[in-house]
Structure formats: C-alpha cells, structure tokens
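Structure record follows, encoded as structure tokens.
Chains: A, B, C and D, in written order; residue numbering restarts at 1 for each.
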Amino acid sequence: RENQSATGGSAGPAASAAATQSSGPGCAREQIGYPKVDVKDAIIGFSQSEKEANPFRIAETQSIRDEAARLGVPADKLLVTNAQSDLNKQISDIKSLLDRGAQLLVVAPLNSDGLQPALDAAKAKKVPVITVDRKVNSKPCADYLTFIGSDFVDQGKRAAEAMVKATGGTGKVAILLGSSGNNVTTDRTKGFKDNIPAGLQVVAEQTGEFDRSKGQAVMEQLIQSNPDITAVYAENDEMGIGAVTALRAAGKTPGKDVKIVSVDGTRNAVQLVADGAYNAVIESNPRFGPLAFQTLQEFADGKAIPETVIISDDQYDEANAAAKLGNAY
Amino acid sequence: MVLEVVDVTKEFVGVRALDRVSFKLEPGEVHALVGENGAGKSTLIKVLTGVHRPTSGTLLHRGEPVVFTRPVDAQRAGISTIYQEVNLVPLMSVAGNLFLGREPRRRGLVDWKRMNADAAGVLAGYGIHSDVRRPLGTLGVGAQQMVALARAVATEADVVIMDEPTSSLEPREVETLFSVVERLHERGIAIVYVSHRMDELYRICDRVTVLRDGKHVHTGPLADLSRLELVSMMLGRSVGDIREHGATAFGVDHHAGREPVLEAKGLTSGTRLSDVSVSIRPGEVVGLAGLLGSGRSETARAIVGALPLDSGTVLVGGAALGPGVPNAMRAGVNMLAEDRKAEGIIPNLSVRENIVLAALPQLSRFGVVSRDRQDRIVDTFVKRLRIKVSSPEQKVSELSGGNQQKVLLARWLCTQPKVLLLDEPTRGIDVGAKAEVQALIDELAQEGLAVLLISSELEELLDGADRLVVLKDGAVVGELVGDQLTQDNVLAAIASGDAAAGESRAGESRAGESRAGESTAAESTAAESKAGRSGEGES
Amino acid sequence: MTVDTRVRRASWVSVLQRQGAAVALALMVVVAWISFPRFGSPDNLRDIALQSAFLAVIALGMTFVIITGGIDLSVGSVYALGGVLAAYGSQWGFLAALLLPLVVCGLIGLLNGLLVAKTGMAPFIVTLATLLLARGLLLAITSEGSTTYRIADGSAFLELGRGTILGFGYPVFLAAALCVAGGILLRRTAFGQSVFAVGGAEQSALLMGLPVARTKVLVYVMSGVLSGFAGAMTAAYLQSGVTVIGVGLELDAIAAVVIGGTLLTGGMGTVLGTVIGVGLRNVIQNVINQIGTLDSNYQSVVSGAFLLVVVVLQRSLSRTADRR
Amino acid sequence: MTALALDRRRLARWLQDYGVYAAVVALLLFNIAFTANFMTVGNFRTQLIQAAPVCIVALGMALVIGTEGVDLSVGAVMALSAALIPLYLGYGPLPAVAIAIVAGLIAGMFNGVLVAYLGIQPIVATLALLVGGRGLALVIAEGRLTQLHDPTFLWLGTGDVLGIPVSVVMAGVFAVLVALLMGRTTFGRQLVAIGGNRAASALAGLPVKRTLLSVYAICAVLAAVAGVLSTARLSASDPADIGLLMELSAITAVVVGGTPLTGGRVRVLGTVMGALLMQLVRATLIKHNLPDSTAQMAQAAIIVGAVYLARERSNR
C-alpha cells in the first residue's frame, strides 16, 4: 500500500495525502467542451456539508483553504459555504456559489444521493465539480467531473484485517455503527462483515451515531449484557474512544481484554493506540486540498481525469502509532 | 312530555350529584329548576343535553328512550342550551360565534359579509351594539351571555334550556331576555329556566322543580307556592326558621371615615374609560351603576392595575399606586373579577389552594408555606360561606358555579384587604348564601373596609351602597347619595345624554333587517335559507 | 362613530397586528437587496421560492394542526418517508409514485389524529412517537438506510419536482395553489370555522355541537398528506428518495407558523402568515449565505439571533397594534 | 353494572396516578425474565448513571411545563456549559463548574425575559437559543472536542458517594429539592397556579413575570448542571454532540411521568420515573440487539402505550 505523497515534498500531515488512481475511461475537457479555467486565476467554490465541529470536517476545510493559499489563490476568490447538515441547503449553497461566479467547484456531499439538481446547475454553466470524501450516485464526467476520496468498503475491509491481526481471528465482536441511513455506515459495515473469518462472531450491532457519548452509552449497555465481548469495531474514532471510557469504567483494560479497532485517524484515537489502549485505527484521509486542486489543474490542462481518484488512507497500529502521531488530525 | 328523566343518578368520584331524580318537561311550559348551590341543577341539565352520561336512569325524548352520548345528539333532537358558564370561543369574532356550525354560505363558501351583517342585525335585537368582528372575549360577561342567548335561540329547537342566563344581566337586558322567553313560549317551545332570582321565577315560570342535595324535592305549579315556602323547600328548613327580610340582607348606613382611603382620578384608557374619578372612604360601600358595557368592570380593573391606563392616577392613603396588580395588592387593594371561569378559578387546583392563593405570602415564612394556617383559614371560610365541598382537597373545577363564586370571595376576604373591589360578588349564588354575603359586606364595612360594589341587580346596589356612581359609555354621568338612591334616579342619570347613541343604534338595526331580508330572497341552498330565516326571526 | 367606521378600523388594526411578520419580511428583503447585490438576482429569488415551496406545504398542514391547539412533530420524518416511498413507487409509474406516499403518510396522519382525538393524549407526545415510527418505517424499507431508491431518468414523475414555468419550479406553483386552497378552507368553510373553534375553546366547541373529534382527525390527516406530498416533490426534485432529509424540519415548520402570527395555544392564525413565516426563514438563511465569510459555527449563532430579532419585532408590532 | 363502572373508573384513576410506576415495574420484570445478565449491580448502576442527566434536565423541564411553557434550549445550554469548562478548568474545577452554571443561569434568564416580559411564545423564544446556543458553544470551543484531565473534575463523572455514583446522588438531591419546592413553598404553588390560569393568577396579584423568569432560570441551571456531569462522565468537553435532542428526551420523560403539557400540574416523582422508564426502554432495545428501524418503532409503541395508560380521562 502506498503512502507516498503524490503532490510532492510537503511535510507534516499533508504528507499522507497520496492517491492511488483507479482506472476508468477518463474525462478530458475537450471531450465535454468545458472552458479552460486555470486554478490560480479562478473563482473556486467549496461546499462543505456539516459544521466544522469535528476533526474530520475541520481538517477537510482547512486542507482546501491551505492548498488554495499555497497556490496563491486570493482569499476572496475561494468561496466557502456550509450546509449545516441540511441537504436542501447544500443544493442552495451550490447554486449560490455558481450564482456568485464560481468557475470550479469542490463539493463535500452531505449524502450520496440528492445533489442532482445542484450538479445539473453546475453542468448547465459548464463548471466542473469534484466531489470529495463521498461519492455521489450520478454519472461521472457527465454530471460531475470526478470523485476524490476514500473507499469506505475498503476501510471496513482493512478494519477487519486489523481486527484479525489483533484478535488472532477468534472472539466476540460488537460493532458500533454510525448513523442509520448514512452510506458511510453502510459501506464500513459491509466491508467489515464481509471480511471477518468465521471465528470472529458479531454479537451486537448498535448505532452510536458517530458520537462519542452515544458510543460510550451503548458500550456500557453492551458490556453489561454481553460480558464476554472481546473486541469492538467502531465505525469512527469518536465512538471508539467512547467505548474505551466505558470499558475502563467497567474495570476492563481496553486494548488488552477487549480489542478496539476504528476508522478515522484522529489524533486522540492514534494517541490511544500509541498508549496501548487501542489496537488499530484505519485512516480516513480528509486532506483533499492538494489532490483536488491538482486534479482541477490537470483538467484545465486537458488531461483525462479518471472517474474515481482514491485518496490513500494510512493505518495506525501498535507498531507505528507513536511515530506517526504527527500525521493524525 | 317533550323531555323526561326517570330515576336518574349521576355519580362523580366521591360525589353523588344526582340521586334518583325524575323530571318532566311539558310542551310549551316554562319550567323553573331551583335549588341551593350544588343542589344538582347544572348536573341535571348536563345529563339532559348529553354532556354527562347518567350513572343510572333513563332519558325519554317525546316518550322514546334516548341515549345522548354527545351534546350534538341533544342538539339534533331539538334541545338547545345556554350553559351556566359562557361556552363560546373567546378568540373568535362575535359573528363567528353566533353562526358557528351554521354559517351562511355563498357558492359553498362562508359569506362573511352577510354573516357580519346578519349578526349585527340579530344582536341589535338583543341590545348588543358592538362590532361583530371583534373577538368575543373582549366583550363583558353580560354581553357574552346575550350572544349565547341569541345563539341558542336561533337554532331550531323545541326545548330551550337556560342555566342562570340572567346572572350578569342588567334589568334592561333581563327584559330583553324575558321578551325572548315570551316569544319562544308563544311558539310552543318548552323552556327550562334556572335562576336564583326569585322575582324572575315568579314572573315567567309556570311550574317549578326543586332539588336539594341532588334529590328531587317537589314539582308543581309555581303559583301554588309562596316565596317563603319555595325558599324553605330549597334550604330544607321549616318556614318559621327562615328570617324574613327585604329584597336583600343589607342593613342601614355605615359610618364612613372622613378621608378617602382610595382615590381614583381621571382614569382614561383607550375608548373604554374616559376621565373616571371615584373615591371611597374607609367603611363606605360605593356602588357602580350602569348598563352592560358602561365600563364598570373596566373601572375596577383600572383601579387595581389590571387595565393599562393612558392617564389618571390611583391614590391609596394619599400615595400613588405603582402599575400592576401586585402593587395594588401590597397596598391592600383587591379585586374580585367578574368572569370567574376566565379570570377567577385555577381549575386544576384544589379548593384549599384556590382560597389561599392570594394570601400565600402572608401564610408562609421564608417562602415555605404553613399547612396548618392554611387549613384553619380554609376551614373558617368553608363554614362561614357554606361552601359545599366533599373535602377542601376537591378540585375547584368540580364545584357548582355558585360554590366556585364563594371560593373566590373567600380568596379575597382572607387577604384582609383595606379596599375591596367586588365585581358581581353574588353572581350565581343562592338565596341563602347571598344574604350571607351581603351581611358579610355590611359587616366588613362596619369594621372599616372600603368597598366598591358592582352588581347587575339594582336592588343590591341601592340597598347595599352608601353612595352610587353612575357610569355610561366609560364616563361618570352622575353620583347619588342618601335619599337620592332610588331606581328612578339611576335610570334618569343613565338616560341623560342618551340621544346621540340612540340614533346610531336605530340605524344599525335597520341595516340589519334589510340585509336579512335580502338573504331570504337570494335562496340557493337549504343552509342559506335557514340562516336567513333565523336572522329575520331575531331582528 | 358609526358601526361601519368602527368595523373598518378594527379590521385594519388586526391586519397590521397579524402582519408583524410581513413587516419583518419586507424589512429583511429591503436590507438584503441593498447590502447584497446578488440577493435580487432572478436565480437567487427562484431558488428562495423553490426552497420555500417544500417547507410551505408542510407548514400549511402544521398551521391547521396548531390552530386546533395541537402540534405535529412527525412532519420531518413523514416528509422523509414520503420521499423514499415516492422514489420507491416511481418504478411503477407516475401514479404509484404520487399515491404511495400520500396514502401511507395520510395513514400516519390518521393514526396521529385518532390517538389525539379519541384517547385525549397530548399531541406533542403522540406525534413524537410517530416521528420515531416514521423514521423506523423508513429505515425498515431501505434496509436500515443502506438502499437508496432512485427515480429512473426520464420518468414522468421527475417533472413534478424539476419542471419549470418562467424559471420557477413546479413545486412553487403547487405550493402556492395549495396555500390558496388552504387559506380558503380555513377562512371560508365550516370546517375552517370548526378548526378555529376547537383550538379556541374545545369544551365550548363540543357543547356547541361541533364535530370536534372529526376536525382533529382531519387536520392531522391533512398534515400527514401534505408532508408526504412535500416529500414526493422533493424526491422528484432530488431524483431519489434520500433517507437523511427532514431531521429537525418540524421545528422549522413550527417556527414559521408561529412567526406568522399563529397562536400555539390554538384558536388563531392565518395561512398567509405562515407563508410569510416560511419566506422569512428562507430569506434569513439566504442572507447568511450571502454574508459568505461566516464560520459555520457563527452561522447558527447568526440565525438564532435573526430568529430572535424577528420574533421580538413581530411581537412588539402586534403589541402596539393591540393597544389601539 | 354501576359497581363495575366504578371499578373501572377507579382502575383508570389508579393507572393515571401510578401508570409510570407500573410500566417501570413491567419492563423490569420483562428484563429479569428475558435479558441475560440483567440482575447485576453493575447493570443497575449503568442504568442509573445514564438516566441521571436526563432526569436532572427533566426536573427543570417539568417546572417549565407546569407553567404551560416548554424549553427547547436545554440541549444547547448543556453544550454551552460543556464548552466553558475547559476554558476555566485551569483555575480549578470549582471556578470552572461555577462559570458553567452561571452561563446556564444567564441563558435561562434570557429565555425568561423573552417569555415573561416580552410575551413571546415559549416554543419560539427558546427555539432561538436552541439554534444559536450550540453555535455559540462551538464558537467558544472553536469547534473542537477537548479532552479533560483534571482528576477532581473527572471525579464528578466517575466517583462515588457512599457507593453511589455522584451524578445519581445529584439527581436524587435535585429530585427531592424540586419536590419540596413544588410541595412546600409559595413559589411552587404560585407556579402551578400560573400554569393553571394565567389571567386569574395575575389578577390574584401573583408575581407572574418574576415566577416565569425564575422557572426558566432554574430549568437552564439544571441543564447546565447536567452538562457539567455529562462532560465529566465523557471526560471530554464535546459541545457538538452533548445534549443533542435532550429537549425531546426531557419532555418525553416529563409527559410519560404524567405531567400534562397543558400546565397547572407538576409531578416530580413521576418525572423521575419517566426518565427511568425511557432509560430502561433504550437499554432493553440495545440489549436485545434490535436493528435501529425496529428499535425506533418499538420505542414509539412504548411511549404511546405508557402515556395512554397515564392519560387524563374526562369525567363524564
């Protein structure tokens, strides 16, 4: 698995923003007749989906801003909106970005479905759209340019592999699900469940709504009713950390008695791995800035853009957590 | 028999409100239903109209056994009712209330223009000349009662039940009501009439049924009974035991102090009050006289700080009162409000809590209330005012109307005020208790309390007050003292300067008539023609 | 003073009183127009109208419910459920896509209505329960939210959400038509009168022989059907039955209704006020977007502040009107 | 037939008064019979700890509901108090907690002024703070969750008093205080009177505005306390998520506990039971590992069932 930076030498957290480009016919500017818009001189719109109230969103927005600044895009040419978790608002946001003259769009979709009207509006104005972190169920190249992000099913699969490594392939696992109805939840669950051996038995699957305190509350209940749980798969770090607190309160040693694997790569979770209270964290990389701008520039330059650009996700475990703590967000 | 109940019993939790009561209503008669507060009159009526379902017993309508499960059933069967507490929709317009459920329509849609015109016409016939578009709740209780009357009479019915319809009406409105009763009587409609005012009963009723403690005591022609006999039957005491006094139990004059304890000067509030001044001396009972809507209640409310003033001051013991009720209360000025349902009782609290409500701060130390002292006070007043309760812990909303009124009186008396403003204090109270209340007012005045008395019964005012201030359209039009206190003088004072108003009112009712006529011509649906007819009938 | 002039003045006063929100909206629009050049652009106005349309349909039903003294917290979930059902039904054609959500959501409304009217349970709690019920149903038919039903390209049903006249989307016209019909229903029919009466004084309405229970059931059914219809329109607009929409929408709808001058305790309110309330909400949101540079966390602070200013303004306007 | 009717009425009355208790007992029995490892001290501890914050908020909410109001801002107030704690924890746990509670007091007074003095309908007045308050909390916290390490402060979340978790003790103490407040003080009696008939209370000279102001203040202070306790338990200040949807949980607990939303009555012990019932429902659904869809529908059914039993019946 590659962890090398595609954007070159910048050090620090951005270092893990690498891409493994998946295949596909490729989408070139001439082919769809979009105008050439140079990234440095363009008005760029970024539509964020939720409040910047968790590490992932904070890092995501920051990465876009940083990269824009690095490329010398003036502050007033980067328009940023936030849909506050309201799908209709995100559509309005995107339309208003177009209205305000955005020539290139980066969108962090709130949901995989439902952005069609906004994409249509962009298409009508021949504005290329890159969706980051979440793929939309529309036609690439036609409705939007490309998707840059993680493969959530793959994250689940890697979590399963890490879990097998931590547990030796046997035990009773509890899954702390993300919010119901969210496709990230669906994918991370599928990837995990499809890839665990028969020896690992899923004894409980309950939603912690991606929230630390709910994760903690659910875990507290599960330890009481299933005292023999030996592993926890949390679909994000926050719930995993909540589980750690719950396990400690119940007198168990997280990381030893009960193995914990989660997805995200936030600093708090990686710290726990380094401390030995956690077993593995699969990164979900939020640093889309460099890749997104690079892709837009390549599009402007007439290169064919693949329909999916998978950002590389790192992985933290006992072996590397302490060393890589600086990469966590 | 239009309507008959046989052996009806109605039990509430802990109370047997009706105990094997039978009652027969003949076609075309005006049947009085009398009894003390809490005797079960309202309950019987509610059983007749499907509000309550009897615990046992049968109900016959034109000889057929019927079960009314909802008030609508009774209405469909031709029974129209005015309940004791006004049961209309306060936020809805006057016209909307009047025509609710039978709105005039045009092309299937409610015809507001015609509805308003019809309503104005109908109500003018009842002496109500207010804007029919304003919310009903802004009318006084008396005016609301007239609207309820107009509404009940307008529906096609062969039985009309009236539960204390005159309790807040002026002599003039009472006359209007009687003429309505007369007309219904002529049309052969049977009427059940509940009232604590003996004069009224003897004037309009043919037969009487007496209830006592939920039991049937007597039914027979009213003319066969003397007042004294009737009262003794109601109270369950022998004729000899009942003291004979005048129309009221008020004694003679009080010995009023020299300096007024309360002086209200130049009270002005919007269109409701203009420049009203009243002063009361300790030990004096000042009456406020006037017609429905003349601003008597408003004056009392303004004094106690419940009505925002444009100008004017209230002085208590020479010091100006701050705005708001709590300030007035701190200065010892209390008001008994006229509308006991909307502004009096706290329905889901117990009788005890309702009584001590205003006196709570006095009954508690460091904010902690003393149960003992509460119980003592409550006990005293329950006995003294003869409040009929199963226990002081009974919910006040479960009491009969008259008993609720007594609870409210007790609430104010136990705060030991300096000035007491009483707006219709004896409203709905039975004869025995009424005398008690009147004597109590006398006694309190004797002890130096200053009282402002508002009453729709002129005798009560004339006998009880030492001085009478006459109001008209929110302004003082006369003041009567001593020998001047006669009915004629009051009416004369009210009549003075009546010319202008009279003119405009005549104009309105004419407009109402002609519109009602139009509507009959423009018949297109059955509902329309029905509404048209009813409009015509009343105007 | 003759009755006529008195009548005229009273109604003028009450118009002003009721339109506190309208004044606030007018002010808001003028300020936005002056401060933000793009606010007045046709595209922006069309977008505001379209966004308002969905909420307006839901708030219309809510208006009726609130005037009867009730409340319907289930609208957000029912809206989402309606969208999913419409997308699901679209595989069998236009009619199925339209009827399926209307019927199911109407049934949820009926359940609300029956529970409220026949058992005397508090509407707040009944509809809170059906909020959960509708979400649960939605998750059940989408296999815990993992299946998303998409409306096939070229399906006739898509037009419902995406067709335009003069650039304004069909939903705008549909919402407008429904609101006009709703206004007439409320003001000009016997049903409307009993809605007011039930909310103003339920006991009295009962004693006056009005069909109290039926009225209550009907308003909840209306609210359910309208929310379902809004969901269906949204599905057509988004081209799929999105599972994550509608969370917290009930509060938006209630706020719009109340800001529009409808009394939460029942007995008073207008459809026009509600429409204005909905407009206000979306204009505020738009203005916040126009400001642009606001940090996302500040955005909610600002919208809270706006909400506050609007209610206080509306309240003080109606108070001065009251004093007259 | 009469006797039967009376019996049924008595049963109805009994259910109305004790419905929640019966429901709690029924659910306990169900769990004892069908849930593995239910009868353990640890399990009961868990249930009580989890119910405590909801219970504390619900007590305040019950007072507000008693005045015919509602407070939607409790969750946002929890977030505000949570956001403030890390800022002042440097000065020691006591000042930090004090500041968080003062913030609650200010928020409550703000609501109270809107409702009592400006006459704005409670639901919208408190909605403004619901929308804005959490945003403000996030602004204060710069959108970030902050891990807390002060052991004295964390003791609030993990410590015991006489073997009982601190938060449970606090909930108990508050329940007793609120019960005394309602049963024994002028304030309490005036509160229900105002909820029962505001116009009449005003005319009876009760300090209506002051009482309303105090009630909203108390409610928000209790919410702030719950925010502090939850933060300590989470050992992190998480203004983005703490107290999310708390307003609905609290209102549900109050109503399930038998306090009518129409005001004029407050049932303190019922409220505590309501909070416990909802906690047990959640626990049962999790322990039986039901999928979210079924869990939500089951919860709907249980709420309706419990409130149906405890509903006010008309006396006809």
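Definition applied: a contact is a pair of C-beta atoms (placed from the backbone, for glycine too) under 8 Å apart; a residue touches a chain by one contact, two chains touch by 3 or more.
Nothing here was measured: the structure is a model prediction, and the numbers come from that model.
Undergrad: From the centre of chain C, which other chain's Cα mean sits the farthest off?
TA: Between chain C and every other chain, the largest centroid distance is to B.
Undergrad: Just list the two chains that share the greatest number of C-beta contact pairs.
TA: If you count contacting C-beta pairs, the leading pair is C-D.
Undergrad: I'd like the Å distance between the centres of chain A and chain D, where a centre is the mean of that chain's Cα atoms.
TA: 36
Undergrad: Express in whole angstrom the distance between the two chain centres, defined as the mean CA positions of chain A and chain B.
TA: About 72 Å, centre to centre.
Undergrad: Provide the C-alpha centroid distance between chain C and chain D, rounded to the nearest whole angstrom.
TA: 29
Undergrad: In whole angstrom, what separates the CA-based centres of chain B and chain C?
TA: From the centre of chain B to the centre of chain C is 42 Å.
Undergrad: If you look at chain C, which of its residues touch at least two other chains?
TA: 138-139, 144, 263, 295-297, 299-300
Undergrad: Which positions in chain A are in touch with at least two other chains?
TA: 51-53, 180
Undergrad: What positions in chain D touch 2 or more of the other chains?
TA: If we look for residues of chain D contacting two or more partner chains, we find 138, 143, 291-293.
Undergrad: Would you please name all pairs of chains that touch?
TA: Those chain pairs satisfying the definition are A-C, A-D, B-C, B-D, C-D.
Undergrad: Help me check something: in the complex, which residues belonging to chain A touch chain D?
TA: Residues of chain A touching chain D: 51-55, 58, 177, 180, 203-207, 211-214, 216-218, 220-222, 224-227, 238, 241-242, 245, 249-250, 268.
Undergrad: Quick check: in the complex, which residue numbers of chain B touch chain D?
TA: Touching chain D from chain B are residues 11-13, 51-53, 55-56, 304, 306, 325-326, 328-329, 334-335, 337, 342-349, 353, 357-358, 360-361, 364, 367-369, 398, 411.
Undergrad: Could you pull out which chain D residues touch chain A in their complex?
TA: 35-38, 40, 42-43, 46, 49-50, 138, 143-145, 147, 158, 230, 233-236, 238-242, 244, 282-283, 286-287, 289, 291-293
Undergrad: Show me the residue ranges of chain D that touch chain C in the complex, using the header's touch definition.
TA: Listed in rising order, the residues are 68, 72, 114, 118-121, 123-125, 127-136, 138-139, 143, 248, 251-252, 255-256, 260-262, 291-301, 303-304, 307-308, 311-314.
Undergrad: List the residues on chain C that touch chain B in their complex, please.
TA: Residue positions touching the partner: 1-3, 6-7, 10-11, 184, 187-190, 192-194, 196-197, 200-201, 203-211, 263, 267-268, 323-324.
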